[in-house]
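In the two complexes below, chain A is the common chain; its partner is chain B in one and chain C in the other.
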Partner chain A sequence: MKSSFFRFSAAATLLLSTAVAGQAETIKVGVVAPFSGPFALYGKQFQEAIEVYQAQHGTSAGEHDIEFIYKDSGGPNPDQARSLTQELLIKEQVDYLAGYVFTPNALSVAPLLDQSETPLVIFNAATSAINAQSDFYLRTSYTLWQVSAPLAEWAYEQGIRDVVTTVTDYGPGIDAENAFVTAFEEAGGTILDSIRMPLSTSDFTPFIQSIREQSPDALFTFLPGGPPTFGFTKTYNENGLREEGIMFLGTAETEESNLQGFGDAGIGLTTAYHYSADHDSELNREFIAKNVEMHPDAVTNWATIGAYDGTHVIYEMVKNAGADGPAAVESVLGLEWESPRGPLTMDPETRTVIQNVYIREVERDEDSGLLVNREKGVIATVGDLGWAE
Partner chain B sequence: MSLLLNILIDGVAYGMVLFMISVGLSVTMGLMRVINLAHGGFALIGGASCHWLIAEQGMSFWLAAPLGVAAVVALAWPLERLIYRRIYGFGDLQQVLATIGLTFLIIATVNRLFGSSLLALTLPDVLAQSVDLGFRTLPLHRLIVIGAGIVVIAGLWLLIDRTRFGIRLRAAVDNRATASAIGINTGLIYSATFCLGAGLAAVGGILGAEMLPIEAYYPLRYMVLFLIVVAVGGMGSISGSFAAAIALGVLDTATRYLVPDFGTIFFYACIILFLALRPNGLWGRTA
Partner chain C sequence: MTDTTITPKRTGRIAGIPFLGEAILIALVLAAYFLFPYNLAFLTRILIMVLLVLSLDLVLGFAGIATLGQAAMYGTGAYAAGLFAVHVTGAPLPGLVVGALAGAVLAFISGLVLMRARGLTLIMLTIAVASICHEIANKARDVTGGADGLRGIRMEPVLGLFEFDFIGKTAYWYVFVVVFVVFLLLKRLANAPLGLSLKGLHESPERMAAIGAPVYRRLVLAYTLGGGIAGVAGALAAQVTQLVSLEVYSFNLSAEALIMLILGGTGRLYGAIIGTVIFMTVHHVAAAADPFNWLFLIGLMVLGVVFFLPKGLAHLPTALTRLVRGRT
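Entry: the complex of A and B
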């Protein structure tokens, strides 16, 4: 520990000296994300998004060239993430950090950021608490509060009064439950029951049956992507909850990389989220077209857009302040820009983007025959609602 | 009353899925005594080829499912001849290492070919509907799985206890040297049994896919489940695995209905307690 601390301060000094000398230099950005294992798709999507941004905006910002260095963090593994970040800072001497899919991975590097004064742009990790740990965190994804709370308010406005929440029993699930329950009860609704399902659940029938017996107006759920989401929604359909009039309310469950796997069972699922690949804007269509042109098998979803906008923030920082970390962060607070997902503002207080949250319904697109998250409207434009909790 | 019925129905349905996905392992690990951690890999190959045939080749589920199983058997045969034949003679730890290595190879291959997202097996409309039981509905495919489970257990019992092949298999497993000395072609018996195990893994992977969806990391994600069923059932006992799967299915389902907050703690605590009292499982034969 002692020796790594020593090496660290040496590196910090080195970084500072390069910063002072740094005019029209190559700026290095270290991207820490999973490139192997079950979550490898996210790393691939981050890289695709960065490449699309570079193809559209060139490989230099202001007078500086920008170079990206990728490191494979595997899954949720804070020790690994920290040592890779250390390696990037010391050996590669990066000026910026980016990526970070998992909350524990992002949290583990907070002291490194403070010591080396390196800005880190989070492309995904969605727990509100992260940004409070260091002033060098910036986030271009979303937080669970940001999408769950507006969904609760919207549901109440739609005449939904009784809800059962049923979330997977782990950090993000509990975050989502808290956000939804707080907002829904504040609006005047009743939470009949809050079920927490074990992470390893493979048969969801018992939970679905207990919800059915309580016959609420809607259920709110949060599930990790992949098999659990698939199993839960299948079970929801097959046990006739839809026919009973129990509405499905979710957030990331119908995200694009798993959407086609649902088949017709997915049609009609209602979610609130900050990005749909189906978003109706010229910018979004160009963005997806470019992504597919460069990477024919690419799926564009929240991971792609988070990284794309994150790259934009990095470019802006480099343009404004080169390798000077604190000045770079300062220069983008309050930054406003138009993203393929809609208008964005970097909130000066929480350093998470203020963005539109859309209400969407899964539909089968008539032209392509594929399932899409069709946006039914903007339900709120919000910053990180979980910041003060 | 309806709660009890719910627990029973869902428990048996879940237990049958557990049985179907682990019966192949009961055959390779239970009967042949090879610690085959690559079991889930065969289920994955079966499911992935079935997915490919349906999604890319436009086949119907009815045709794709048997072809998927056939593909796994066709792959298992040379694999047994080339690799597993050597693994039989290894010690326990070496078997674990060799077969888990094989699992990683399978995962990486599927990941390379299909990516790490979900590989859905689209069911024909007939199977996708729900059956009305009066007080609730049950998806038809679960009934099919229950039926298939009964057919498999009956078929295996007949094969192992009532046929000449079964007698030879049991002889070969119990004492390979003596069995070959009296003229049993043990090599062939082992190959055939291994293919049977792999084929059953594929059947389980495909039929269980509605509950345990197919994706590249399937073999690792559900490895603990397979192993629990075989361990609780007792090595070498197909009927033990069957009873264990149903009991575990009902236990797990009951916990979720009655004490959802306990999560999986109760389930695993029961298994630990049971294995502490009966290390050889329900019907386990002591080695």
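Entry: the complex of A and C
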């Protein structure tokens, strides 16, 4: 009994002491992500990215060793995410948190971050509103506004005037629709129709037919990855929308873990996104080569790069401030660095990275015979446009 | 002349000693508090889940209402308590009442229709109710926050005295007291005429109808009570996590609650507790040890129990006694 009392009071004192510690010590980073179930790929990619970063930059930053602890959050489940985070903070005494794929999971820990003054680097969750809930959120992925709004402006510049938006009816889809519609109408274009398709749709013919009848210059879509994306593009091709000159505009639809599944139907799809594995830079080639060397079956995509850059931010924070949370966050605001995806800046206001958004078209690479997202244009340094919405 | 008076066997009494079970429960909860001071958040989640599984036990184990949609009431209780905390007051106890009412009202209204069905039809309908709730919460983004979750829940101290703390001590005791009170009520109910008639319904609705019991009304009543308890569980989850997401309506939640109940043993209150504690502990430990393959272990465990202890883990002592005595 005595020892358990001791352990308990030890927990309390350790909690207090994290705030004052600063000497050379092992810094622990808790990674909360799905490692099981339908979203397990995220967790796998996060871990791969962290391992690649460690292989390239070592396992210590400044005078501190860095250790990563992984926790399985399953799918969107804020109760689970919150209690795991609490456990990481209290039991494992982590100094940093990272990962968080789903918006509700990331949102549920906001009060914990404020109370424990622990920085959290979001590797994926893409809703603008998260970062406003606590000053300890930093984001190295992107926000839906960040990629959808520039696409709208670009489309208008290309001479596209009428667009039908057709998104899957759930949080991210609606965010993307709002961003695109706002930006496109501001530029002077017309939205003929905004269609929201139920999440469980498998037959897209009625939606595609309705778009065809309205004969817009382009359609903008947002779909969850996997089968819905394949189904939608297949229907788009079969109904001859491409021949009629209705351009396909998307964002994450052609990301690399889906890409080869399209086959030839994917060729010519236009998307705006912040990362393509085909990005033409020495840094990106090295990054991918290292990832494939360490994990032969790995697909490098936006989730990998989000985690890779997130790890970089954590290393920088540890180097600058050790385990001192508020100082660590402060020290990386405005941080600029060159990532495999291009130049990045940590926006001091929104704490989301400012990055290039690329306009890409799916092509078949002549050398490898594989489909790639070839970058056709770049919209330089876009911040989180959804911040003020 | 032999004595023909039948005294119903009192359920929930261990080894015939009154309140022994309750004493063991309190001892275990105390022990867990001191042995795992770092895991209070997780222990609190177990307690909330116990409450949900208890509500399912009342509906399925006692009254024999086959349902895979208990999450409908859980989720409605969670959203009701969450919205109440955001818009009215952050006091926890009124929030619980609101959650219970919301769960009970939904169960009553849907129960009026559902309790006319049986078997597979009933299961399908209960799933449908949960899906409809899910879709409504998804569509009503302005109210519920949609897929981003309902945020902005800030709780006041329990009874104005106990502040919710970072380690989760208050949450743990608060949730335990609520669960314990509901448990006592359920135990009382199990031995009351209503509980016994529900068991009768489980065994044979036709015979109950024959002896003049109002079958349909009893079923609606049981479903409504179960809904109210599930609503309390949801409300607790909303208050502790301070965020409600669409997942409260997920089919997965209903299904996992059912697995926990089957694991522990249906129709027994202690079965609901044992099943939940074991399922969630194994899940937690296995997932921490191997975040990638823990589902495999869970699957094995469930298979093992279903094969060797079809009546659930609560049946283990009886099964062991039989094994030792060599009876089949």
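Assume the second predicted complex is superposed on the first by the 369 of 389 C-alpha atoms of A that agree within 3 Å, B and C clash if a C-alpha of one lies under 4 Å from a C-alpha of the other, contacts with A are read in each partner's own complex, and residues count from 1 in each chain.
Keep in mind that, in the parts below, contacts are C-beta pairs under 8 Å (C-beta built on N, C-alpha and C of every residue); 3 or more make two chains touch, one makes a residue touch a chain.
Just so it is clear, the model here is predicted, and its values are computed rather than measured.
By the touch criterion stated above, A:Asp72 is placed in contact with chain C alone, chain B being left untouched. For chain A, the partner that touches more of its residues is C, with chain B and chain C as the two candidates. In the superposed model, A:Ser83 lies in contact with chain C only, and not with chain B. In the superposition on chain A, A:Asp169 contacts both chain B and chain C. In the superposition on chain A, A:Leu107 makes contact with chain C only, while chain B stays out of contact range.
By the touch criterion defined above, A:Lys91 reaches chain C but does not reach chain B. In the superposed model, A:Glu238 lies in contact with chain B only, and not with chain C.
Within the superposed three-chain model, A:Leu192 lies out of touch with both chain B and chain C [touch as defined at top].
Once chain A of one complex is fitted onto chain A of the other, the partner contacts of A:Ala40 extend to both chain B and chain C. Within the superposed three-chain model, A:Ile267 lies out of touch with both chain B and chain C [touch as defined at top]. Residues 40, 169 of chain A contact both chain B in one complex and chain C in the other. Partner chain B is touched in their complex by these residues of chain A: 38-41, 169, 195-198, 200-203, 205-207, 209-210, 212, 226-227, 230-231, 234, 238-240, 257-258, 260-263, 265, 297, 299. Contacts from chain A toward chain C in the complex involve residues 1, 4-5, 7-8, 11-12, 15, 35-37, 40, 43-44, 70-72, 75-80, 82-83, 86-87, 90-91, 103-104, 107-108, 110-112, 115-116, 127, 129, 133, 169-172, 174. Of all the residues in chain C, the ones that touch chain A in their complex are 34-35, 37-42, 44-45, 138-139, 141, 146-149, 151, 166-168, 237, 240-247, 287-288, 291-295. Contact residues on chain B toward chain A in their complex (touch as defined above): 6-7, 10, 13-14, 17, 111, 115-120, 122, 128, 130, 136-137, 139, 210-213, 215-217, 221-222, 225, 252-253, 256-257, 260-261, 263-264.
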